[in-house]
Every structure is written in structure tokens, then in C-alpha cells.
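For reference, chains read A, B, C and D in written order, and residue numbers begin at 1 within each chain.
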Amino acid sequence: MDTHNEVLSVSGLHVSYGTKEVLRGIDYNISEREVVAVLGANGSGKSTSLNAISGFVGASSGRIVFNGTDITELAAHKIFRLGVIQVSQARDLFPGLTVEHNLRLGAAVRNREEIEQRLEVVFNYFPRLSERRNQQARSLSGGEQQMVAIGRAVMANPKLLLLDEPSGGLAPQFINEIGDIVQALKDDGATMLMVEQNLSLAFKVADRFIILRDGMVSDGGFVKSLEGNHDEIVRTIYL
Amino acid sequence: MEKKNGNTSLITSNQLRWFYYLVPVAALIIPFVANEYLLWIVNAILVYTLVTVGFNIIIGNLGQLAFANTAFFGIGAYTSAILMVYGGVPYTLSILMSAIVGGLAGFLASVTALRGIRLYYLAIITLAFGELMRWVYLHGDDVTKGSDGLRIPDDIFFLGIPLDSEVPKFFVFLLLAVLLVKATSNLMRSRIGRAIVAIRENEATTASLGIHTARYIVLAFVWSGSVVGVAGAMFAVLTERVLPEAFGLTEVIIHFGMVLVGGTGSIVGSVIGAITLTTLPEYFRQFPGMDELFFGIIIVLVLLFLPKGIVSLLWRISPAFKERYYRD
Amino acid sequence: MDIFLQLTLSGLSQGAIFALIALSLTVVYRATTIVNFGHGDFVMAGAFFVYVLVIYVELPYVFAAISAVLIMLGMGLGVSRGFIDPIKAGPHIGFAMMSISLGYVLRGGARFLWGREVFPMPRVFDIEPFFIGNLVVTGDVLFISAIVAVFLLIFFFIFYRTTTGVIIQAVYQSERGATLIGVNVRAFHQSMWGVGLAMGALAGILIAPISLLHPDLGATFLIRGFAAMTLGGFGSLGGAVVGGLLLGVAEQLFGFYINSSLQDITAYLIIVAVLVIRPAGLFGRTVTVRV
Amino acid sequence: MKSFLIKCMFGAMALGVLLIGNTVKAEDWETTGLTDKAIKVGVMGPFTGNASSYSKTQIGLMAYFKHINDQGGIHGRKFEMFPEDTACAPAKGIAAAKKLVHQDKVFYLHGNSCSAVAMAVKPTVSPTGIPWIIAHAVNPKITMPVNEKKSIYHGVPAGPAYGSTMGEFVMSKPGAKRIAMITHTNDWAKAYCDPAIKVIKATGGEIVLEQALERGQTDATAQVLKLKGAKPDFILGCLYEAETVIFLRDAKKYGLRIPVMGTAGTDLENTLERLGDKDAVKDYYVLHAFVDKVDGPKMKKWNDIILKYNPDETITGFSAVSMASGVAAVKALQNVGPDLTRSKFIAELDKIKGLSTGILACDITWSATDRHGCKKSAVAGFVDGNPTVLSSWGKPW
């Protein structure tokens, strides 16, 4: 893994909402083709760290560098153009538009030329969406909506994919399906930073994990070195 | 003294209470130094103080975008005028009736708000309400004398005091303003006031705490309507003739401006707003034709640079000026 | 029957203006959730710019009209950037007052410069009225209806049939979703303000030859725009158009068949009636309260 | 604390009541606003707001005063003018009046457009006894019945004078009997229409239809079609400028070719200019306060005075209206002589009889019991395609 280039590096990142400091100086980095899981209890600042990378919230101090570019102060749409694409926790689809429109919009800003080709790719990942391409997004089930959300992000041809709780609120069979898709994306060479509460999903696909606690990185390591012993991690996260 | 520290401030809350009492007492000197014109402006300020205090309950404390204020104002003025002209009702009693009828109008406005008509819907329906009322004044010729306006009788008394010039009007208006401002302030600091602000902050949460939100919304509107209704009765006597033209769309914009310039949700701010936007146009008289331009520019500047209103300048002097009706 | 048709025709041409104003308000509202309470004055400003460009700069009318629309487009961008963005964090009440005050500044400016005059707006299209059966059709009616119709066709074509349109629909539906597909939402808000004011200006330019040009030109149209929006369903684009046309016709029919003194308050009556009976209007979805 | 406060207030209140008494000394009152060099005149007008086009008349009046100043003034005194904006809004008007009376302390008041404002201001001005000449507003109740201090004058035809001229002109058309009306529903329109109706009914006419057209309307289809259906002989139109234009445009459009009688709120040339269609105004007759067309040779002198002091001003039918009462005021001031007082000024104003100002189509006559100085107006209309000032149907002035 070390042989790969560093894609993202976060250093000394502080984020506050009003007077409340959510991130208190976190550091981490991701290399090309690596999948990193961000773990932690509710309110530990996991989503905030993704939102800071995407430029949705401003950093009060610290630095975020993506592929050699300092993106700390960059506007969200510019970070998007660089290829940092987020799949948000709430999915934030366009409920009144069709599945296909939702997907196409994923490429509307960054990836207009390859739009048909990418659509093909996404429908390969999600054959189910191909069947429902003319349905309104609001008529889909939660799992299908999550597929649209991920598919929409894939449309943009991301260089770094930020997944915020891909399994959140889904039925078990969908969690597996999403897990498979994330694995497939990984196999195709995607670089991903993933916030996930479902540890078995996280450990199935991630190469590395980081644990956030009270806005700081409290632990981290390679998934392989755990050798399937997750109990200790659970203790680190929640106790 | 020079140390900048949040806790040590020039004025403590306790001193401030005395300061608030001192303001109306100090105001008693005004009639001995001001001419009739300046006194008229002062009287207008007293009327608009109540207009703004009443409006602020809806805009600031309850956080609803309802523009029925001119309707309350006009209804108060016409109620008082009609009762005096046709019923020979003493002015003192007619003020009380204006408060009641204004409160009823407030109740009517609250019904729309309760029916889920909120935000811009509420703004638009209440604007329409105000304009429809003006249409009624204009076309209710037999009673309102249409656009000629209803002349207030010459010989009116407040508790035996003849209101035949600006000086007695000043004392009566000051009394009414002080009483109603104090009452509103007490109400807003009571459980009721806290509930009203809680509804603004989060209606659903407030309801989930077992607070009967609808009741407090109605109450806020009724109280607002009553206070502004009384202001209307004062306005009738101030201008001595009640005319439909006085209650048009421009008027509600001025009321709205007073609330925002002074400071939303603040009673001290309401007073400041009323003073500012009543006196400034008089000052602008030196620049004929530029009135609207200045009015617009001032409000834009306040919105941009003092989003909490002019009252927030006082907060810099002392945090004691902050009126806290709500703690979470 | 002839009378009814005649009333309907003139109601539709009036309604076309109301529709345009309601639509321009809706475009801004849908994008930013802000209702521009000063819109009437922006409508007036658009017409004034045409006047200035035709009379003082001596541009040909069509160029003047296009320039005025572009100026208002730019003004929209500026308003959003300079006056709305800085108060973004505050409550909605601030937006309402801001838009009113900006309108006041425009009206005050117009009054200061041309206060004592009422101008006849130059006419572009002056043809003799002609008859269809017993129906009289004038140049004004034809001109207004044609321009508005063409404009609406273009507008709705862009909105429903182009990528830009789909992006706009997407942002309307989910602003967070839009940020996730890389849309610069701030720039989007600015451009929608621009589009809104430009459309308002177009309405002002179309109506000014009839209403004459004076600083208070916009006031009566604003409330009619609101009524049209309310009738059609607040926030619905198609609803704004239908609402505007219906309001135009309703004013004529009320005025003729009930009482001419009701004509002026038809808009208010419609607002109250709709909001009391069916707050969602004709085409709106259920009201969602945003506190 | 509260009870103490209230006691304080009542105490002060009682004190205040005591102080109100006669604080103004009589001799001060007579010469307030006068110096050896100046006569202070308060000129109220709608310099802003939606009726600001009326302020042209105050501009005209002040130009006349400046003209008199440049001629050497009156017995060594020059007019010092205090223009005050009423914005045509009652409360603003009252503030303006209070300022002029109590702060600027003017000698007399001259001006006022907007009847509603004049009515609102009346309770403020009337008790002070300060002379007040209404130079534009038409509501007759501003001046009649004569106020207690006998201090208010109308220097333009008031509603009844204008209105009855309208009625008389309408009925002077041979065969005119069935009259319809289209009006705004405000006091301004009533001031014209009501006396006109009175005259019409008294001379054998009848009102067959009444239509409202409110300010700001941009279409009169419904009204025109109704009027067409009623088939009247003459239409009384009590509308402001903009709505008059809209009405006439729609009248032509739907083939309503019936003569229309309009108010002094409009004038023929302007209406024509705004309509841009001679055919649409050919049946329009309008009150015309002046002895000549707005740009006619007899008006040139007055228009030149306005333009001398306001080179950019566009002359309209409003511009010179107030100058006539200016002429009357100047005459009275001159007649008083150097020892000017308010009482003497009022006495001299009451002595003005049959004063032909060379501006208005009426002679100004005031007395202690009748303050409507102007009793009639001319009418303007197209005769053989030429704008003509008329005294009755088909009869040139």
C-alpha cells in the first residue's frame, strides 16, 4: 500500500459550529486505491470530517490537501470538480426526477463527455436501476435510493469517493448488497473514505480504519492486523 | 473599569431597571421645552412605540411574518372614532373598546396562522386583510365617511383632562405607552412570553413538551392586536381625523421597518425603532424628494451591518440591555 | 356571449402580465425560498431603463428593451451577492425587509430623478385594432400576448427539455443534492435572482406603454403577482402562469358581472379565499411549514 | 414604584394643563413670520409619494414668488419660502403643517395639493387663525363653511365649481339626458362628480350607470362594455390622468364613441400626448382652469416665469394652477401696505372682488362669508380637430 501515491491528507483539522468545537485537530491520509473506514460513536465528528473535505463546512484551522492541491478554503463546487465526490447520509436525491435523470445529473457538471459511457458503467453495477430508470426517485425503496445515490456519485468519475453511512437505515439484505457494490468499486480501483456504523460492513471492505472520539483521532490501523477480532474496536469506539 | 471582561460591565441589570423607569420620568420635561411641532413628533413616537411593541410580538417574539399590523392600527383608530362620533362614548372607554376590537382582529389573524398558513402565505393573506380593511373604510361611507375621513369631536377628555392640544395628549399618551410597554414586558418575561419565544425557536419541540402551542399563538396575536388597537385609538386623537389613506401598504412597511431597525424581539429595540423612523423622515425634510431613498438606504444599511437592530449597539455597552425571554 | 369573450380576451392579455410577474417571483422563490416583496419596484425599474435608453441614449426600442432586461439581470446578480448573501444566516423576516427596502431605494431613486413627471412610454407596435367576428383585438393585446406566449414557450422548453432545465429542477428539489453533484448553489441563487428580475423587467416593459411610466408603476402588479401565485399554488411554475391568466380574467368578469368597484380588490379576495379554502392553490402540493 | 410613577405623571399632567393657557401673546401672533425684509410663506405639497406629479403646481407658485422677489418684492419684503413635503399622506402632512406653524413660524400658508391631506391638516391649522390659501386641492369642505377664525381661502375652483361646470357643460349638449359615469372611489373624484350629478339632475338629466375604475388599473374593458350597453348621451369621467388614458384607449378600442367629460386632474394636450392617438381623444372634453391652452399665447408669460426658475420643468396643466392665487395674495399684501399683520392680510383678502388673474378662467372673489374664490371653469375639447377652450358645448371661450 505504501507504494501508492497519497491522494488526500488532512492535518490539524479544526471545525466548529458556533461555539461548539466538533473537530479538534484531526490528522489522517488516504493513498490511491485505498479504502479507509472512519469509525466512531454518534457525535464524534465523522460526518463533519467528510463535510469539511467536501467543502460543505469551513475549517477553523488545519489543512486539507487533495492530490497536491490545498482545498481547505476551496468552495464545494470546486472541490467537486477536482473529483472529490460525496454520497451523503441523507442521500439527497432529486425526488421528482427519474432515476436516469438523477444519475445523469451526477455527470452534468464534471463529466459531461463520458455521460453515456458512465451510465453504462453504473447500470452494470446496479442492474436493478436500469429496470427502474424511468421511475421517479421518490418511488424507490430506501436501498434502491442508496444505489441511485452511489450511482450518481460514480457518474462523476470520482478520484476520491466519500461515503457517509452507506448502510444507514437499510434492511439487512440491502446492507449486503451495498457491501458488494462497495467491494466491486474497490476492485475496479476506487479510492474511498467511508463513514460506517456497521462494523462488519466496514471491515469487510476497508483496508484501514480510523477511530474518532470527541473530535480527535483516538486510534487506527490496518484491518488485516485485527485478524477478525473486532470486540476491542467496539470497546474503543463506544466506551 | 477599562478591563474588557464579559462579567464586569458599566451597567448592571439592577441599575438598568432604574434607568428604564427614569426614561419616562425624564420625558416629563419635554412639554416644557418643545414647541407644538416637536411635541407632535414626540406624541407620534409614543403612538408608534406601541405600534412597534405590538408588531414586534408577532415578528420578533413569535417569529411569524404577519403584516396585519396596519389592519389592527386602522381598526383601533376607526373603532375609537366611530364610538366617539356616533355613540358619544367617552374617549377613555373608546380606548378600551379599541383594545378589545383590535384583539378580536388579532384573533382573526391568528386563526389563519393556526390553519397552517405560515411564512409567506401568512404575509400575503395578512397584507390582503389590511388592504381589504382599507377598502371597507373607503366604501363604508355611511359610517366611515369614506375618503373624507371621520373627524374626531373637538371636546374629548381622558379621565377629565381635555385633549385639546399636544401637551395634554402627551401626558395621556405617555401614560398609556408606559403602562402598555410595561405590561407587554411583564407578559413577555412570564411563562406565556417564554412559551411564545419557544414556539418561534421550535414549534414541534415546544408542542412535544406538552405546551399547548395554539393557545399561545392566539394569545400573542390577540395581545399584539390589542396593543396596536390602543395605538390606533391614540392615532385617531393625534391626527384628529381618521382617513383610509393613513392605513395603506406604505404604513405597514414603515411599521415593519421600525421593528427591524430597532431590533426584532426586543422591547427596547421597538422603542428605538419608533423613535428612529419617526424622527428621521422629519430630518429628511431638508432634502425634498429624497425621503423614500433615504428610508430604503437606512434600512438596507441596518440589515447589513446591524442585523440585530440598533438595540444591539446598546448590548455592546452592557449585556444587561439584552432581553432574555428564553433559555434552553 | 360577445361581451363574455371580449372580457376574457382582455382579461387574458392582462393576465399574461400577471403571469409573467408571478412566474418571475416564483423563479426566485423556488431557488432561494425568498419572496421578493420589492419586486414591483424592480418591474418599474426595468421599464424606466428602457425609457432612459430610448430617450436619452437614443437606442432603437428593441435594443433598449434587450439592454434593460440585461441590466436587470445584472442587478439581480448584484442584489443576491451584495444584499441577500450577507444576511443569509438571519431569519426570513430579514429577507422580506431587505427586498422591500431595495424596492424603496429604486422607487425613491426614480422619484428623485423624475418625480414630477408621468411619461408616455414609446410604443413599438401600433397597429389598428381588427375584428374576429365581433371580437375586437388591439395591437397591445396581440403584442403582449404574443411576447408572453413566446417567452413562456422558451422558458418551459428550457425548464423541461434541456440539461440546464433539469439541473434547475434538481436544485429546486434538493439544494443539498445539488451541492453533491457539484452545482455552485450560491451562483445558482444569484443567477435565479438575475432571471427573476429580468423577467420582471420584461413585464414592466410590456405594461408601461399602457400604464404610463411613473415610479409607482409596480405596486399594483406586485399584489396581483402574489394573488396569481397563491391561486396557482405557491411555488408552482405552471400554477403561476395559470393563476395569472385566471386572475386577469376574473378581474374583468367580477368588474362586469358583479360590481366594478370590486375589480380593484379581486386580487385580495382571491388571496383570502384561496388561503382559507385551499391553501395549496390549484396546483400546489400540501403546504410544508418551514419555521 | 409604579404608583409613584403614575403620581408623578398626573402631577406633571396637572402642571402641563395649567401651562397650556394663553401662552401666545396677541401682538406676536399678528406679525409672526414677518421681518422688515421677509415674509415667510409655508408651501405644502406632495413632493414625494404617488401624487408627486401634483407638486408641479407648488413649483409654479414658488416660481411666481421668486419672480415677485426679483421685481423688488412687496413693500421691501421678499418672500421666503418654506416648501414642505406632505407626500400626499395625512400624517406626514400634519407634521409638515405643525412644523411650518410652530417651528418655522411662517406668516401664512399657501399651497396644498391632495384634498385628504388638506382635510387632515385642517384641525391643526384652522384653530391657529393663520391665513391659509388652498391653491390646488379641490375638496370644498376645506374652506366652506368658513372656519371659526375665518382664515382659510380657496384660490382655485373647488369641487362644486368644477363639478357644476362639468354638469353644465354636459347638459349644454343638445339632447343630453342619459348620463353615465366612471369614477375613482375617493374624495377627489367625489369632489368633482357629486356637484356635477347635482347639476345634471337639477337640469333634467339622469344618471343611468355608475362604474368604478380604481387607481392603478390598467384595463377598462369591463367598464367600457358596461357603458356601451347603457347607451348614455354623455359620460362623466372623474379619473386621474393615467386611468383617463386607459379608459379612452379602451373606449376607442370597443367603439364607444360617446363624449366624455373629464376633470381638472387631466388636460387635453397631455392626454393626447400619452394616448398618441388623436382619434381617441376627439370626444374627450375636459375641465380647463385656464383662459387659454396650456401652451397658448395667453399662458406664455406664466410658463416663462416657471421656466426661468426651473429650466428643466415640463409644463403641464398643473404647472400654473396655483399661480392665480399667488397673484391674489400678492395683490392683498400690496394693498395692506408696509404695516403688515395677519388680520390686515385677511381683511385685504376678503376685499378681493372679481380679480382677473390672467391665468384662471374665473375671477377670484372672496368675502368673509364665501371663501370659494373661483366659481367656474372653462372646458377644453377638440373642435374641428383643433384643441379649443370652450365655455359651453360648441361655444368657444
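Some observations on this one:
Basically, a residue touches a chain if its C-beta (ideal position, glycine included) is under 8 Å from a C-beta of that chain, and two chains touch if they have at least 3 such contacts.
Small disclaimer: the values here were computed from a predicted structure and weren't measured.
Considering the contact criterion stated above, no chain is in touch with chain A and with chain C alike. Nearest to the global CA centroid, when each chain is reduced to the mean of its CA atoms, is chain C. Most remote from chain D, judged by the distance between CA-atom centroids, is A.
Counting C-beta pairs in contact, the pair that comes out ahead of the other among B-C and C-D is B-C. In terms of their C-alpha centroids, the spacing between chain A and chain D amounts to 75 Å.
Averaging Cα coordinates per chain places chain B and chain C 32 Å apart.
Centroids built from CA atoms put chain D at 35 Å from chain B.
Of all residues in chain A, none touches two or more other chains. Across the assembly, chain B contributes 139, 289-292 as residues in contact with two or more other chains.
Contact with two or more other chains is made by residues 108, 111, 115, 219, 261, 264 of chain C.
Because contacts link the chains in a way that matches no line, ring, star or complete pattern, their graph is best described as other.
Applying the touch criterion to all chain pairs gives A-C, B-C, B-D, C-D. Contact residues on chain C toward chain B in their complex (touch as defined above): 29, 35, 37, 83, 86-87, 90-94, 96-98, 100-109, 111-112, 115, 219, 223, 226-227, 230, 234, 261, 264-265, 267-269, 271-272, 275-276, 279, 287, 289-291. Listed in rising order, the residues of chain D touching chain C in the complex are 47-48, 50, 52-53, 55-56, 59, 185, 211-214, 216-219, 221-223, 225-226, 229, 241-242, 245-246, 249-250, 253-255, 273-274, 276, 313-314.
Of all the residues in chain D, the ones that touch chain B in their complex are 1-2, 5-6, 8-9, 12-13, 16-17, 19-20, 47-48, 52, 83-85, 87-92, 94-96, 98-99, 101-103, 116, 119-120, 122-124, 139, 141, 185-188, 190. On the side of chain C, the complex with chain A involves touching residues 163, 166-167, 169-170, 173-174, 176-177, 179-187. On the chain B side of its complex with chain D, the touching residues are 21, 24-25, 28, 31-32, 35-38, 40-41, 44, 138-139, 146-149, 151, 161-162, 164-165, 167-168, 170-172, 174-175, 178, 182, 239-241, 243, 245-246, 250, 281-282, 285, 288-292.
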